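Okay, so chain A shows up in both of these, paired with chain B first and chain C after.
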Partner chain A sequence: MKRGPLGWLVLALAVLALVFLVLAPMWLVGTSSFKLPREIINRVPTWFPHSFTLQHYQKLLQTSAFPTYFLNSVLVAASSAFVTVILALMAGYAFFRLEFRGRDMLYRLIMVAYAFPSIVILIPIYLMFAKVGLIDTDLALVLVNVTFALPFSIWMMRTFFASLPRELEEAAAIDGAGRWKTVVHVLIPLLRPGIAAIAIFAFVASWTEYLFASVLIISDAKRTLPVGLSGIIGQYQIDWGLLLAGASLSVLPVVVFFAFVGRWFVAGLTEGAVK
Partner chain B sequence: MRFKGQALAGAFALTVFGALPALAVTDVKIWHMEQPPHRVQRVQELIDAFNAANPDIKVSQEPQSWGEVYAKVPAAMAAGNAPDILFAIPDFTTVIRKAGQLDSVADFVKELDGQHHFIPATVEPYSYDGGVWAVPLYNMSLNFWYHKKMFADAGIAVPTTWSEWKAAAEKLSKDGVVGVGLPANKQLYTDQTTYAVMVNNGASELFNADGTLRFDNPKTVESYAFYKDLYKFSSPDAANWTWGEAEACFASETCASILQFSVISTYDQQGGGDAADLGVAAVPHADGEKSSSTIAYSNAAIILAKDAAKRDAAKKFIAFLLEPENYGKFLNMEPGLFLPVTTDGAKSATFWSDPLVVKYKPQVEQMIANSHAGMLFGFTGGHVFPAIGPISAQNILAETLQKVVINGEDPAAAVKAGQAQMIEATK
Partner chain C sequence: MASKPTSSGRGSDGRVAFLLLALPLGLLAATLIVPMISAINISLRDIRVIGSDGPFAGLDNYARVLTDGTFWHALGISVVWVVGNAVVQTILALTAALVLNEKFPGVRVARVWIILTWIIPTVVVVIIWRWLLSPSGGMVNPLLIQLGIIDRPMGFFASGPAAMTSLILINSWRWFPFVAIMLLAGLQRIPGDIYEAAAVDGAGAVARFRAITWPLLQPTLLVLTVMGTLLSFNVFDIIWLLTAGGPAGGTETLPVLIYETAFKAYRMGDAAAMSVVASVLMIGLALVLLDRLAPKETGR
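Then we have the complex of A and B:
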């Protein structure tokens, strides 16, 4: 169907409205982090800063443990994403390429992990981890993050495996490649969009995870960003400049990660749509 | 051969005697909820000074968040990795007592009282069931903040009664300014502002002496009705405010007045630091009442350690904090917000010499005076009702207010429903 000028106008306005809705808060957060405190809390918000200061960033980086929280988050999120990708690949291959008894039931069962709200299993997990000495360790967070990201990642893998013809593996087998070689040299390169989608999903989920990070981690030196940042802000007061600077810096790794693997992520998301 | 023997003996002696001091060090772990960096830094300075003066004790801090600590501490106690000292407020102490066996610190508090003289109202919330369950450390009270200049320009005196307060709010609400900034949703800040209104209308008691609820009474209904009236002069977006938003509204001169715990440092940084314009007064009382009161939290330290050496070390550290010279520095980790709980602490030179306290001295004096008339729901009239724990945790005072102010329910009906909800919560 051909779109007339009015149709284009409506479409353009809708896109503009959407872009404004998404970008305006980010713009306000980013630009306000450079404003003087008085301007930040001004009765009428200023779209373009009338003042400029780096004091909030200086305070954030020099007087708070933000750099430590940031590094911890990078470590935990990257490890969680890496482990999730490896396990999702292996599980995906097992579920969608191998034949074994109870396969379908097991595949459906893994999604049960999402049936329980996190808060319900928080205390049992705390007690289990305490017994094996995992409280206050990064490993505890990686385990929890992977546990929650993996079922959905395996489910996503199904579409990607379905898009690869089995003939490719058969051809590799005829050429003498074993199962491992086939996975590494044939399947993984073709599964890159899926891997990117899972990696980003797992990374972002770990990057923003708050509940378990706030309870399983005790020492300040091991806190991740969401928990650390909420502490910096305080209860009976809000240092808006500090909060805005922290929020601005917090989104950077996600933006950088998207910049590198974003196109694969988009390809991964649209992969299943046309099948 | 002889040399080898001497070397072995020397190594043995070094191992034994070198290890002795290390073995003698007692570790004391503190959990507190004062997470902003400057507070953590101040606590660390005091810890460092204590550790330097007491080489046999090593105190360390792990700041926690109020948001999670209610779940975290019972879990840590069950898992055996709880802190040795835990900072707490009265209702949290009832939760901790329920979660584990606490030992009374009555003797220790008595000993400290002999040296520093606690303000009785700060010890009372921790004294029940035949024991004292925590050592008061600092007090916090909600105050009436107002812009002196705005009030003066409008020819309005500082309100002391509800009718004056309402008239002032109405008169000041113009040209983009709101007369008062008040929250109205289900959260702790609303609990606090609601109770601050209730205590000023003789509705401070939520319980009868026998522990039955008496929330549903005409005085409470009047308080909710007044809050609803006053809310008309609050900011349109105020319903969801917490302390930070109210503070920003005040500092930006959009709110002519607010009810606020007094974090002077934020006002000083964000509001331009005009000490002459910051008015602090008691929360106005109902026209039929004679004097003002407010909501106040006596914050305290619970000693969770069971080991005798750790308990002794924990007591030594707490005693160190309450020494006037250290205590002033401790309180000024957040000037204005943390108020003294001891008579000699209130005179501490280190407290009054802090630059912010010097700058805002009249305001701080007023805050201390207000705190002496402070009350906390569930811990009033010489009684402590542990049933307040779930009522407080579920923010039922605030939820009732939300029904009245936001949903437009009749105050009498909402208060009646609120009492039913409290009974259900405490079953």
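Then we have the complex of A and C:
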């Protein structure tokens, strides 16, 4: 549709407002993590740094437990993403490629799982894990993260399975390839966008998870970033420089990951929503 | 449905499906369904020591919790929280979705990266806004003064209502792009030629929005309202880390109260009872919303 000059103006202003709303806070935090402490807490804040220092990063990496938290989070988030992808692929193939009795009912049941407040299962999970000795282990966090990511991942998988014509697999079958050969050589390579979408979703969800990590992990050496960072907030006489540096470094991995596969994630989100 | 090749005929489908679903469904059963049943069991017991089962207490926990004012107070706060988030997020997300549905240079990049606020960890959201809203070095107070909205620095977490408003805005900042992407999907499903026809008939932008966009977006909005209600009801970390339910209980939603009851006061039975009541309310609400607002089940 044609857009007049007024239309362009309104659109441009709206886009600018949107960009400002999303990016201005990130810009301020990112740039301020390089400012000297007195500039950070200056009564008149600056949009552009007037000073430059690496002291906050130095302190963060050398004297705080941040590197430990960071590595723990990478380990937990990567394992959670890996397991979620495998399980979502298995479930996806069963739900969207096979015919069996009770399929629709099972699928709905999984989706209903989201109606329950996660706080409901926090207490039982804590007591259950205490009994079987899973408290204070990475495995506990991976199990919980996969549980929360899996239903949504299966839901997203539907779009990606639906986008692949069954004829491809049928053609492979006619050529004499068995079921598993078809899956491994035809289906999985074509599902790569879906796998990327699920991987980033599960990774981000685990990277952010605070509630269960705060309860299931006890020793400081096993803390993940969200709980560790929140400890740093309270631990010191608020050291904003340190916190801003920590915040910036915590965002970095997900942003890098997202830069590579973000578009597949958004595609999974949007196309899944309309079907 | 097209006929399938014989090598993967219906007969073997059931067995293969069972093999494939055993692990994913087994995990979900162990970590979702068993705990949910277990929550009911815990809510009927008087647990004093972690790891012990505790004596059966019947409905004592429920009676105590439901006659105590704090539960109802927290429920009220939760309602304010959920409604506030729904309103703010819908307005922001709809605006963003309408913008992203237009064609302009850079729109493809914008459609992906708008979700940036959603992929960063909550604890980082907390650090960002605590600093931006703080009286020492925060940018928001000076900016609002410059724009003439306030005339002297305000305390964003000083009173219950102020803290609640700040929390709702911060949580909406985090979630609106996610909702916007979902709404964008709904917008893109509306065929462009309807708009063309309306424009030819002389309908302005506002008239087109009211006659076409708004009604056709209803199914998407319904799903998002139900999903959003459940999701925001569940939000715990952002509230806990910013206000811990304060000041004076002004932001103590049900999840915060349940967490405190279970892991600060160690009253597991009471906390489980509250969580069971909360689940029943949430599921009931979701069913009512779907039933009342849904035009027709569209199937999958």
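By definition in this document, the second predicted complex is superposed on the first by the 261 of 275 C-alpha atoms of A that agree within 3 Å, B and C clash if a C-alpha of one lies under 4 Å from a C-alpha of the other, contacts with A are read in each partner's own complex, and residues count from 1 in each chain.
As a working rule, contacts are C-beta pairs under 8 Å (C-beta built on N, C-alpha and C of every residue); 3 or more make two chains touch, one makes a residue touch a chain.
What you see is a predicted model, and the numbers here were worked out from it, not measured in a lab.
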Chain B versus chain C on the shared chain A, clash or fit? clash
A:Ala65 contacts which: chain B (first), chain C (second), both, neither? first
Contacts for A:Ala88 in the overlay, against chain B (first) and chain C (second): which applies, first, second, both or neither? second
In the overlay, work out which of chain B or chain C sits against more residues of chain A. C
Based on the superposed arrangement, let me know which partner A:Val215 touches: chain B (first), chain C (second), both, or neither? both
Would you sort A:Ile110 into first (chain B), second (chain C), both or neither based on which partner it touches? second
After the superposition on A, what does A:Ser118 contact: first (chain B), second (chain C), both or neither? second
By the touch definition at the top of the document, which applies to A:Asp239: first (chain B), second (chain C), both, or neither? first
First (chain B), second (chain C), both or neither touched by A:Leu75: neither
Chain A residues contacting chain B in one complex and chain C in the other 40-43, 122-123, 126-127, 130-131, 215, 227, 230, 233, 240
Could you list, by residue number, the parts of chain B that touch chain A in their complex? 33, 35-41, 62-68, 71-72, 75-76, 78-81, 140, 176, 243-245, 247-248, 251-254, 261, 263, 265-266, 269-272, 334, 337
In the complex, chain A residues that touch chain C: 1, 3, 7, 11-12, 14-15, 18-19, 21-23, 25-26, 28-29, 32, 40-45, 47, 87-88, 90-91, 93-94, 98-101, 103-104, 106-107, 110, 113-128, 130-131, 143-144, 146-147, 150-151, 154, 166-167, 170, 173-174, 178-179, 200, 204, 207-208, 210-211, 215, 225-227, 229-230, 233, 240, 243-244, 246-247, 250-251, 254-255, 258, 262-263, 265-266, 269-271, 273-275
What residues of chain C sit close enough to touch chain A in their complex? 2, 4-5, 7-8, 10, 13-14, 16-18, 20-21, 23-25, 27-28, 31-32, 34-36, 38-39, 42, 50-51, 95-96, 99, 102, 104, 110-124, 126-132, 134, 136-139, 142, 173, 177-178, 181-182, 184-186, 188-189, 192, 195-196, 199, 205, 220, 223, 227, 230, 233-234, 236-237, 240-241, 254-255, 258-259, 262-263, 268, 271-272, 275-276, 278-279, 282-283, 286, 300
Give every residue of chain A touching chain B within the complex, in rising order. 37-38, 40-43, 59, 63-65, 122-123, 126-127, 130-131, 135, 214-215, 218-220, 227, 230-240
